[in-house]
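One structure, pasted below without further comment.
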Amino acid sequence: MTAQTPPMGWNSWDCFGAAVNEEQVKANTDYIAENLKEYGWEYVVVDIQWYQPFADSHEYQPFSELVMDAFGRLIPAPNRFPSSANNTGFKKLAKYVHDRGLKFGIHIMRGMPRMAAHKDLKIKDSDFTAKQVADPNSICFWNPDMYGLKCESNEAGARAYYDSIFKMYASWGVDFVKVDDIAREYPRCRKEIELIHDAVKNCGRDIVLSLSPGPAPIAQAEHLKANANMWRITDDFWDEWRLLYDMFDRAETWCIHAGNGRWPDADMLPVGPIRQVYDPAERTRFTQAEQRTMMTLWCILRSPLMIGGEMTGFDPFTLGLLTNRNILDMHRLARHSHPVWRRRAAGTEWVLWTAACAEGGTYGALFNMGEGDAQLALPLEELELRGPLSCTDLWTGRQDAVAGSLQLTVEKHGVAAFLLR
Amino acid sequence: MTAQTPPMGWNSWDCFGAAVNEEQVKANTDYIAENLKEYGWEYVVVDIQWYQPFADSHEYQPFSELVMDAFGRLIPAPNRFPSSANNTGFKKLAKYVHDRGLKFGIHIMRGMPRMAAHKDLKIKDSDFTAKQVADPNSICFWNPDMYGLKCESNEAGARAYYDSIFKMYASWGVDFVKVDDIAREYPRCRKEIELIHDAVKNCGRDIVLSLSPGPAPIAQAEHLKANANMWRITDDFWDEWRLLYDMFDRAETWCIHAGNGRWPDADMLPVGPIRQVYDPAERTRFTQAEQRTMMTLWCILRSPLMIGGEMTGFDPFTLGLLTNRNILDMHRLARHSHPVWRRRAAGTEWVLWTAACAEGGTYGALFNMGEGDAQLALPLEELELRGPLSCTDLWTGRQDAVAGSLQLTVEKHGVAAFLLR
Amino acid sequence: MTAQTPPMGWNSWDCFGAAVNEEQVKANTDYIAENLKEYGWEYVVVDIQWYQPFADSHEYQPFSELVMDAFGRLIPAPNRFPSSANNTGFKKLAKYVHDRGLKFGIHIMRGMPRMAAHKDLKIKDSDFTAKQVADPNSICFWNPDMYGLKCESNEAGARAYYDSIFKMYASWGVDFVKVDDIAREYPRCRKEIELIHDAVKNCGRDIVLSLSPGPAPIAQAEHLKANANMWRITDDFWDEWRLLYDMFDRAETWCIHAGNGRWPDADMLPVGPIRQVYDPAERTRFTQAEQRTMMTLWCILRSPLMIGGEMTGFDPFTLGLLTNRNILDMHRLARHSHPVWRRRAAGTEWVLWTAACAEGGTYGALFNMGEGDAQLALPLEELELRGPLSCTDLWTGRQDAVAGSLQLTVEKHGVAAFLLR
Amino acid sequence: MTAQTPPMGWNSWDCFGAAVNEEQVKANTDYIAENLKEYGWEYVVVDIQWYQPFADSHEYQPFSELVMDAFGRLIPAPNRFPSSANNTGFKKLAKYVHDRGLKFGIHIMRGMPRMAAHKDLKIKDSDFTAKQVADPNSICFWNPDMYGLKCESNEAGARAYYDSIFKMYASWGVDFVKVDDIAREYPRCRKEIELIHDAVKNCGRDIVLSLSPGPAPIAQAEHLKANANMWRITDDFWDEWRLLYDMFDRAETWCIHAGNGRWPDADMLPVGPIRQVYDPAERTRFTQAEQRTMMTLWCILRSPLMIGGEMTGFDPFTLGLLTNRNILDMHRLARHSHPVWRRRAAGTEWVLWTAACAEGGTYGALFNMGEGDAQLALPLEELELRGPLSCTDLWTGRQDAVAGSLQLTVEKHGVAAFLLR
């Protein structure tokens, strides 16, 4: 089954915005293959507007000439992706990724290019034209490129268009598609999600379907689980403590819905060099403690893990953060994850999470949400356990025997993560 | 001052939808000139999509080729308005109307054609191009033709475009412009309303500015009064008793805001032959009593009066309805209009309105909102008057002396309207 | 008809809170009789808790022993109202007021004393007892004395109790009853209002029914008009500019509902010595301009006028404020009052009101809502008038001829009020 | 620690309403001791109004004379609880229960009797009197007996009263107190909950604190977990399928908050003879399948289990329902319980729950929410498991080996519950 474990990989958005190019993708592909693949990282995802020749930042330029084929299907801008020349799309870039034992992904916006509709292009392998299928009232409020499709009033036509693009992606060798302007667009995009889900199923290739942006509405949890592999539970996440702090609420809301190919997605990890499109000196503003907090929360929640930084510029800390075997084991083996409580004690605010380990034992993570380092004695009964037990500190690897309580010291914004057996 | 009294005229929508043509406009112009002008009726207004060659009903066709000039300004479709040939716009049709002592109006949608933006046409008398001024995120939710303008982020460009179209309308001889997709679009169109207001002031011709559709928000009453001559207080009004019944609430909400060139607009009067574009046999479904109720409410409220029916097919009743001197005097002379009360009595629901008469005396209108004819004795003190007084029944012209109470018999859905002096 | 014009008088709350006594009432009665009666002021109203022996301020003391008769009817506390000895209630005090040509009013809370219910007293002239009629779940949220009645589940019992108290008030000679904890308590007190209305009608004496506190909900305007003579449109009003500023919104909301014995009530006028119960030196914090603004707004709205200050301490300004013939004429003769507009000009915010004068002519009032003195030229057409006209300044009495515009200079927080004929 | 596992027992409400008497309590105590104690059932709880001599049903009678001591503390009505004579309270009845190896519980309303406040009784071991502590504005909307306390404005006094009653309960030997009119009364009762929590801690005896009624607000989960052992997540639950159907949503909302002495409470189990106060022939309207569904949901959620029926009238099915070792093991051993999904398949609606078993293995429960029997093949991977495994059907005890999928047949409104190892 597709995405049986939560997908792990790299995405170009945090470092390159809409402007990433082939050279950058290849460099990062090489980096993953050499440094991260053995730890489970495998997807290389090209984010938004790879069809826009003039993209140069995280901003969008209205009314640009996007590169598309005669059937209104967007194709890579050859000035940014030279290997796409001769109408081969991402075939060669995907092969480059596959050749290194990795998987290739792309981002798309729901709908079809406005240009295709105004030009009334023919839809491939169908009798419909773009004017019949595009819905001029269905637009994205933060990107000017597309019209949504008439999924209700011309379902056959909308289906034909989505089938036409996913068949093309399958022919390119795409393994992962992140569809944008859709995950929080209930109820108006409910049917559009279903048509995209069907197009994925029918395209002839295993493709992971990821929906963005969030927050997806919790009331639609069952619909999302039935139609996608992952969906964003938050608006764009960046390197600010406030956003990380707030993610605990979203994680609590969604934790029971993770499992078996369905993954609430807490968004990319803004680590290492990011926002490179503005200044190559830019690095994440998260402290090391905050980065461990982030990794711990994403892993115990079993969120997909998508690196946002330019990896070739990683320092040893960042590489270590992403290659800690204990933490990545938790990402793979945690089951039934959930918060236990949130409370004030010892001058700070604490959040305690737990999960069962599929190979036996109980995971715990005690987060210090406050503004200073702090200590806490955590009785085992708070996790409904009884000692004596062996306790492994996941970040340091240190093992201790524990009888009544864990004695934990946790940095400001930091975490103590452990496995009790 | 423009629109010192509430505008009166004819509008093509109720009978011809988006499909009206020059011949129909001329025929109705002739009818007004001959039959209605002497009663104060003067505007002839061509409603939506006169620039759409293929319009054939009240429906809109997305992605149509609209007729526009090199500056992205919509111009009449010559197949429907032959006099507009040779790039003369509505000049000749306006002259036709003016020659008969009447005034000429048109409908427009806010913004510029989407086509103009995608083609990036130059904006007349400016250095801006359409791409710089159109806002791809600002669309109308019921019509696919236009993009709103970047009134905040490129005010100068938006101003230039609106100036360019109103100068063209002035050059055509337009006296009245109904701008659509705007009156209820607060807060997002607040600035757009101001720019249109400015363009009207700067165009070099007296033009009545009418904003649609409603319901305009009452919280914006002062902004509307400062920027427009009339604004819709209701969504589209048609010939259904429920809509007429509900208009009493809207009229109550807005009554104190009428006066001195500022008019809450209860929408067109669907009388006589309407929906002609589907079936020439179609007539208003309102009873005669309901039509008198409608005219009475519109007149005491001092709403603009825009006939919606195909006038050449009027029967004597309809012509009489629109040419009752007493009622039209109330439309001209009522001041400080407002409802007095709404109550159940004698087995029905009654609504009592009143107004001062600018030439002395007090208007009253007692509406029977219920499902059967009914009688009521109305003490003069309900209108804070003391007898003896002379009472003129506005619809029949009959005069009576009245001491303590008016003895009124009112049909189901009907009205007794009177002037007390 | 009762309250054919909006009631005018004095109320003990602003100066004495819950603690007013007989001596104070008599002194103020004498003052009205000598100084204000000839101007139309006539009601003397004893506000809340005249049955509470220990009241000493504007605060309430829970679980106090209230003075009541054997039928659970509250009667005056004899230590505060010695003339009520021998179970004569307010008979002698009412006579004192009547003997001076004035009218006497009292305040009550809806419901019956909690004490009466817990003691299960008999209800006069009925077979019900208090336990059967009191609703233990219907309490007031700001006063601890009463239980509301079971108006729905024991309508006959509730009716019996209300009849019993209003018959007693009638026997005392009460002319005005202000019922509290009720005007904004829709929907739960809808039926209770109707029972009180019926009790007033059946008590055998003309009694003005006033409902408090506000804001009464505008959606209930027709119910209030059908069941009461006046109802508060605002929470308690005191001598703060912000409260006066906000009253313009409430006045706009309610203006069309005034007339013919039904009066939206903007609350007492906190003028002269107020809050006497705390400090005899306390005077209104309103400036003179603000007091003229208040009087002008109340009068053009035709709100009831209830003086809140201790009148025996009035200075000449305060007496003059309340005895200006022109302003009081407007209170009596204004018809169809309403605001015209609210706008910024000349560096300040203006509000313009108008009304017809029942004896001919048009009232206008231009309020300067801003923080500095300002001037404005007001074209007559803003009031839909045409010159030449004679203009009387209501506050100064000065008369001028006016052709095109009124040239008005208005103080900060002040008003120019005028009659145009 | 108190209530380390979710409390199990019997409560008098469903069968006897407010009217239960000593004889009935003793008969049910005997029944538990003989038939249920060995399965973990231990609490015997006397529900509301044991201090009301005239209670005869589920209805409340306002203004009744409740039995209380000189300090305003309610004590058992001796006509209903003869053993309480001589001011011994529930001491003898508690001893009766304790002597049979069980625990004794009572219900109280928050606050103090209104009567105590109106009589201004002294508060035991303090200088406060009832008038100083009762808040006349804090009432219950469905029961007329009490006033809430001034927990904010007189915290010391409120604390003194709550301490005085819990010390009395401790002296009686009470093990469990259900406090009513409080769990959903946030924010106004937030402080009152804290004072009651403190009084429990300070009373000198282990007492389980249960808060009612629901739905408690999920936003207050951490406050509830910090201050109570159990709290109602639902309004009163009765024997209607609609209520049981709806409980799945509440269970999903609250499931992650169960554990370690803190239990979301789905309310009593209306099984066997209920509503006995009206008709001794009354039995639960739930089908047997529905009762198994209810028990399964309550047990996997680890809700407290409180039998609502008159146990001496149990039939074999009901006794079997409550003594199934496998199901009760799940109630004791389930950890990290949560729903997996809710979906339509095979013509019905399914809900799948899971939990880890503290002794190894995974619990699952597949509920058929639809209106007909149905079958489903459930792949083990839906529970993130891989075969071969042993599967024990909890209700029948049957064991099977399972490789890829479970083949499940489930009755209308029924459940298949199993343990996989």
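Chains: A, B, C and D, in written order; residue numbering restarts at 1 for each.
Throughout what follows, contacts are C-beta pairs under 8 Å (C-beta built on N, C-alpha and C of every residue); 3 or more make two chains touch, one makes a residue touch a chain.
As the structure is a prediction and not an experimental result, all values here were calculated from the model.
Chains touching both subunit A and subunit B: none. With contact taken as defined at the outset, there is no chain that touches subunit C as well as subunit D.
The distance from the centre of subunit A to the centre of subunit D, with each centre set as the mean of the Cα atoms, comes to 42 Å.
Rounded to a whole number, the gap between the C-alpha centres of subunit B and subunit D is 64 angstrom. The set of subunit D residues that touch two or more partner chains is empty.
Because contacts link each chain to exactly two others and close back on themselves, their graph is best described as a ring. Subunit B meets subunit A in the complex at residues 62-63, 114-115, 117-118, 120, 131, 134-137, 139-142, 144. Across the complex, subunit D is touched by residues 1, 4, 222, 225-226, 252, 255-256, 259-260, 335-343, 354-356, 358, 381-384 of subunit A.
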